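Below are two complexes that have subunit A in common, paired first with subunit B and then with subunit C.
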Partner chain A sequence: MTALWDSMNGRGKLLLVLLILALLMAPMVASRYLLSVLTLILYFVYVGQAWNLMMGYAGQLSLGHALYVGLGGYVAAILWVHYGIGPWLSIVPAVAVAAAFGAVIGWLAFRFGIEGVYFALLTIAFAEFTRIGFDHLAIAGGAGGLFIPYEERRLGEWWNLRGNQLFFYYLAFVLAAAGVLITALLSRARLGFQWLAVREDETAARALGIDAFRAKMKAILISSGMTAVGGVFYAFYNNTLFPAQMFDMSRSIELILAPIVGGLGTIFGPVVGAFILTPLGEILIMLTDWLGINLPGVKAVFYGLTLMIIISLVPTGVWPRIAQSLDLKKRGP
Partner chain B sequence: MWSIYLNVILQGVLTGLVYGLMALGLSVIFGVVRVVNFAHGEFAVIAMYAAFLLFKAIGLDPLIAMAPIAAAFFVVGFVLQRSLINAFVGRPEHEQFILLVGLAIIITNGLLMIFGPDAQPTQLPYAFDSYLIGDMIIDKVRVYAAIAAVVVSAALFAFFRHTRTGTAIRACADNLTGAAVIGLNVKRLYALTFGLGLACVGAAGALMVTLADAAPSLGPAYTLLAFTIVIIGGLGSMSGALVGGVLIGVSEALAGFMFAPSMKSMFSFGLLIAVLVLRPQGLMGKKPT
Partner chain C sequence: MTAPLASPASPAVVTPLLTVSKVSRRFRGLIAVDRVSFALVPGEIFAVIGPNGAGKTTLFNMIAGVLAPNDGTITFDGHSIAGLTADAVCRLGIGRTFQIVRPFPALSVEDNVVVGALLRHTDMAAARRHARDVLAQLDLHDKRAVQAAALTLPDRKRLEVARALATEPKLLLLDEVMAGLVPTETDRMVDILRGINSDMGITILLIEHVMRAVMALAGHVLVLHHGAAIAQGTPQEIVRDPAVIKSYLGAETAF
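Right after this comes the complex of A and B.
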């Protein structure tokens, strides 16, 4: 952590502190709507970080991260709706279930040498498989969905994740901050360097004595577990869960956009990406509403275009460029 | 009793041949250009809408509309490869993936904006006709579609086997450096291949309209279907695509018959996972050396 702080020059430090202060004080000026947009941004920062660990650092392209969001959300919601177990406790089984799925996928893929496109397809296949399974799972409400009841008397029960917009905003802030901290810590830990070595050249990494299988397994376990926490947040924030909505591939894509646009394998890339993309999407909706052409699908077309343009022009993401032009890093010794 | 199962399997084989033609396009593109066309199913759905519109507007039978649609798709594929995708050849897999995922999202949601989310049926005059063989009932449309799929596939096989251009394309797939050294125009051949791959998917989409109603949401589902088939059959193997298509067609038909139609793709994904683990190169694929 201190290493990250030390690597920044005065200007970098100032910007970071200003961003944190602005986010902390935003509820004082922001409208309810703006607060909901900021909450969404911070949520995408968090899940983006979780995905970034796996793709950006360990180099494993997962296109099925909606699986872990869905599992985390569903486990917590089922335990709450049917058994009255609050999310602060059910977060443990939620993470455990998602990590178990991650472990199975990782074991199958890494043990049997399934890489690249094949690995991405395996993750999609598992997410789709689970989606159809949940369509037929009675305890999860099947295709008809699962609803967390809105109860007036529980509104103040923050320990049960029942609260108003302000509460969820600060919760999302804590999640996002934790996501950035975890990434910063891991990227400078032994494990982080092992991931980079495996990402760049697995054979060479092995020759150096790195257990690539273990490193990749750790990546998928950490990433799936972290994503499941995001799923718990998502479930209790939205209060409705449908298999088609939670596990759909477009969810997986949505969550990988921010790190890709911001910059894979960077600590602040997913943050910058989320702060660019989510507001752009909202502005686009407002614009099309205003022009009277807001058809379903407009936002998605915009996301598709963004993906194509970014990957064609700045495949490494915008953050490395911004950081360079703002000159935020401390010069060499 | 058993003839019911035989009936279901036979229907699955016929559908599977059309699936196979669609997957063949994907396999050809990957086998030569080494780019995974993640917008494959979305192109199939464009072809479905094209066939649907042609039938609705001028009453053109999809079995005939298949030819102009395939030709148009060939041009689209050629131009697309030349203008957009060629720059991504040889770039990291995730970058190619993201480019085509972006294209796929635009196609699906563009169709959603134009045609709306509802499925559009194409009511052929012979839609409910069937052949009676023994005590088995075989849908006429399925037989026609399957025959057409086999004819197109056979034409493609013949092209790769017996023409100079086909041989040149195979040379690019086998040894890119060697192909470039002997003076083959790799860029042009890549564009041709991409065009051929899209022509396959265009023909398959036109045929598909006789078996299923066109809807934007089918795009991602067909992409996954095509990938599942190609991986089961072996990426880059042309015969593998057809074998995989038939296998998936039969597994879908049986799963739909014995369990619930909505669970049929669960069995396909199960099959995919099993193949990935037990024989990652696919049933007909060559072991990587």
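Right after this comes the complex of A and C.
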């Protein structure tokens, strides 16, 4: 923790403190709509961090992280709707189920040397067949969906994750902050260095005594477990869960864009990426509405074009460029 | 400071650190290494030489845990290590370098070495201190903040040794660390290796083509030819051995 703080110079520290203060005080000025956009941004910061640990640090490309969001959300929702078990308690089984799926994927891939794009395909396959499975899972409502009842009388029950927009905003803030802190902590720990070594050159890492299988298993367990917590939040924030909506490939892609655009393997990359991409999507909706071009897919085309422009301008991510040009890092050891 | 165990007067009574016994490895019927045996006394520098394709790298890889031998035993420090994985071999105390260097390109020179240091140091600050000591020893301290991808070949070769050394090995396996170095760089590497051996008491097994370095460093030399050991002895004995001159050194002009 202190290492993260110490790695920044005065300007970096000031900027971070200002960002935290701005986010904490945003509800005083922000409209309900703006607050919902900010909530979404902070959610993507958190899940982006979880994915970033696996891809950015351990170098394992997962294109099926929607699996863990969906599993986390569904486990908590099922336990609440059918058994009345509160979501704080269900975090434990939600994380356990997601991590168990992660463990199976990881064991299959890492034990049998499935790497790179083939590993990515395996993660997609698991997300897809889980989606199909949930289409037929009666306890989860099948393809018809699962609904967490919205009850006025429960609105103040924060301990059951029932609350208004303001409550979910601060909850998302805590999640995002936790995600950044976990990444900062792990990236400066022994495990973080093992991940970097495996990412850079697995053969060389093993020659230095690193058990690459264990390091990669830890990455997928931590990442899937963290993502599942995001899924619990997502389920109780939206109150509706459909297999097609939770497990779809597009959800996995949506979740990985912020760290890619912001900067893979950096602590603030997913933060910067989420603050660029989510507003971008909202602005494009407004813009196409305003221009009166409501053809299907127009928003996606503009979104894609903007992404292409950003990535071709800063291939290693926006954050490293910002940190460099604003000179936020302390120089020399 | 010389390690007392290395005394050449009494090699027979010293328990070897590494014993390779009748080790063979075949690739689809082709015998790459054929019943090779040798032993390393703690504290010595031992070289394996031979022409290209003699089986040096295969032998090296069997000790380093990259390949399992088909026959024979390898014993290190009381443990049978034949067939163990590369990371398990390293944890037992064998550090290795790669003939074609494999730095972690995106990491700084210091962080490359920190990865090695973290094997024996769980505390981050202690690992970093140890890494800096090793960097100073390898003349890389001034370049510690540079990205490894930006290093020149001689620097990369030394980084390779630094990283292996940071794991605090009892035995250092060096796979052609002199290859591609100009003579002044070779001499620099020879001095560094001699320091590692005498000051830190680390036993070294070299696979080497550069006879100039072998003559300067090694106390014992094993000559491989077509997978078999054809001679073993001190460097002076080896260069006079008719079989060695015929099969290998006759074509060698490097010394």
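Keep in mind that, in the parts below, the second predicted complex is superposed on the first by the 318 of 333 C-alpha atoms of A that agree within 3 Å, B and C clash if a C-alpha of one lies under 4 Å from a C-alpha of the other, contacts with A are read in each partner's own complex, and residues count from 1 in each chain.
Methods note: a residue touches a chain if its C-beta (ideal position, glycine included) is under 8 Å from a C-beta of that chain, and two chains touch if they have at least 3 such contacts.
Source: prediction; values computed, not measured.
Judged by the touch definition given at the top, the superposed model places A:Gly304 against subunit B, while subunit C stays out of reach.
By the touch criterion defined above, A:Gly292 reaches neither subunit B nor subunit C. In the superposed model, A:Gly133 lies in contact with subunit B only, and not with subunit C.
Put simply, more of the residues of subunit A are touched by B, taking subunit B and subunit C as the two choices.
Of the two partner chains placed by superposition, only subunit B is touched by A:Gly116; subunit C is not. Contact with subunit C, but none with subunit B, is seen for A:Leu196 once the two complexes are overlaid on the shared chain. Of the two partner chains placed by the overlay, neither subunit B nor subunit C lies in contact with A:Gly10. Contact with subunit C, but none with subunit B, is seen for A:Arg188 once the two complexes are overlaid on the shared chain.
In the superposed model, A:Ser312 lies in contact with subunit B only, and not with subunit C.
Across the complex, subunit A is touched by residues 64, 85-87, 90-91, 95-96, 98, 102-107, 110-111, 114-116, 118-119, 122, 124, 127, 144-145, 163-164, 166-167 of subunit C. Within the complex formed with subunit A, the residues of subunit B that make contact are 36, 84, 87, 91, 93-95, 97-99, 101-106, 108-110, 112-113, 117, 216, 220, 224, 227-228, 231, 260, 262-263, 265-266, 269-270, 272-273, 276-277, 280.
Residue ranges of subunit A in contact with subunit C, taken from their complex: 3, 188-190, 193-194, 196-197, 200-201, 203-212, 332-333. By the touch rule above, subunit A contacts subunit B in their complex via residues 55, 61, 63, 108, 112-114, 116-118, 120-122, 124-126, 128-129, 132-133, 135-136, 249-250, 253, 260, 295-298, 300-301, 303-308, 311-312, 315.
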